[in-house]
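What follows is a set of structures to go through.
In the two complexes below, subunit A is the common chain; its partner is subunit B in one and subunit C in the other.
Presenting the complex of A and B:
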């Protein structure tokens, strides 16, 4: 019974990490791609604004990436830290 | 090899400063909680290095992307850059968790320091007329 519970915990943690990273990385990827394509169009129209656009783009990309990095950290915790904690809690409860 | 633009250096230096300040705060929090040891310091350095490296590579990716004439090419360049950087960050994060020399929390928390700094970027001046909005 304990082995089954541990197996379920490990499976759920792995599944959660996969979903977290999979969904979390979609937003930044799409957002950054969209932003840079618009930046290219802007530079095409006004080539002299390249420095300003680059600087603003770096800031925008950093902010857009935040959710992806949160997801990455949570996924790593779910894979490497959470299973051990959950199993310890389970064992102490039984 | 393409020259790194001044805007990328400037933003990276800003992020390094923010990361340093927030790292000191993180160390202080661990000291106050009474859980400070050398693994916290090493973990913090590891995570801070990874996050600054990620930010610098992102700057290079943006620089390369805006140099493209076709918006579709630019999009692909930045998406590839993002995938590779996430892979790099994942390796650093796994290292931070698995290597016993590093405290897990102290290694993972600095990953968000550059983003935290960029949220306050407009408030702290720096975006001059030539280099920013």
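Presenting the complex of A and C:
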């Protein structure tokens, strides 16, 4: 019985991490793509402003990436930290 | 001092040795303390020592040791660069040092404006520390920036600076800033205030950590693939994971070198923007003028 419970915990943690990362990566991907496409347009229109546009775009990308990084941290916690904690709790409860 | 004298060269050599020595020490510690394991391991920082403390034992981890090693290496590198400065640049290193200082001053001047010109050394220190810490993974060491504690420490430092500059316009002004534009947004404003250091720390840490995790995963996958494809080779040839040679290095170009330098730049940039954004020069000037007027009034009354 304990093995089954531990198996369910591990499987759900892996599933949760996958879903978290998969959905969490959509937003930053779209946002960064939009930012880069607009930056390309701007550089195409005004090639002399390349330096300023590029550094601003990198900053914007870094900020847009934040939510993706949050989901990454949660996924890492789910894979490496959560199973051990859950199994400990389960064992102490039995 | 004469550049070509023996003493000068000896000091140079000493400084360079002292630059490399902390990193070598960190490597030796890593080799001594790494447990023997099979297959892949993705773990946090190893705990080297535990120092007994009254409340709780203080673990000295790999990340702390490595970050101190980086600090020492940067210190001696700076001493090496500034060794034998003269009015007319006589050595190549002085040219390099001047270039670095000029670039940092230019960057800080462009992004923070005049009142913050004194921040150039701080920003340069944060940038250099962050970049070299992340680049430490090239030596096979644990990058201190892939431990949340180290980056969170820097972020807390930045948060203190931000709050200091917000408080410069007075405590009332600082507290009033939370109720803008309307009072209902008070909880959201407090959350936003706390979110700044958290998001800075997580951004840096997540980026570096994801790179190292992906590197380990790809290394293992390539090892398995080469065993599958080239395992039929006779003798010891079959045991060598040929696909692991070279291919991870290309990814390391992105994850270790490009991403490290980019994250250092972004962290420094956000630091600059946050600090200069916290301080409104106009309101500060108004407050100072008000204070001055009050003082003048008092003096007039006393007279």
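Keep this in mind: the second predicted complex is superposed on the first by the 94 of 94 C-alpha atoms of A that agree within 3 Å, B and C clash if a C-alpha of one lies under 4 Å from a C-alpha of the other, contacts with A are read in each partner's own complex, and residues count from 1 in each chain.
What we mean here is this: contacts are C-beta pairs under 8 Å (C-beta built on N, C-alpha and C of every residue); 3 or more make two chains touch, one makes a residue touch a chain.
Bear in mind the structure is a predicted one, so any value in this text is a computation, not a measurement.
Looking at the shared chain after the overlay, A:3 reaches neither subunit B nor subunit C. Residue contacts after overlaying the shared chain place A:48 against neither subunit B nor subunit C.
By the document's definition of touching, of the two partners only subunit B reaches A:36; subunit C does not. In the superposition on chain A, A:28 makes contact with subunit B only, while subunit C stays out of contact range.
Applying the stated contact rule after C-alpha superposition, one finds that A:56 touches subunit B and leaves subunit C untouched. By the touch criterion stated above, A:65 is placed in contact with subunit B and with subunit C alike.
Judged by the touch definition given at the top, the superposed model places A:73 against both subunit B and subunit C. Under the contact criterion defined above, the residues of subunit A that touch both subunit B in one complex and subunit C in the other are 55, 58-59, 62, 65-66, 69-70, 72-73, 76, 80.
Residues 5-8, 10-11, 15, 55, 58-59, 61-63, 65-66, 68-72, 74-79, 82-83, 86, 89-90, 93-94, 97-98, 104, 108, 111-112, 114-115, 118-119, 121-122, 127, 129-133 of subunit B are the ones touching subunit A in the complex. Looking at the complex, you find that subunit A touches subunit B at residues 25, 28-29, 32-34, 36-41, 43-44, 50-59, 61-63, 65-66, 68-70, 72-73, 76-77, 80-81. Listed in rising order, the residues of subunit C touching subunit A in the complex are 42-43, 199, 202-203, 205-207, 209-210, 213, 262, 265-266, 269-270, 273.
Against subunit C, in their complex, subunit A makes its touches with residues 55, 58-59, 62, 65-66, 69-70, 72-73, 76, 80.
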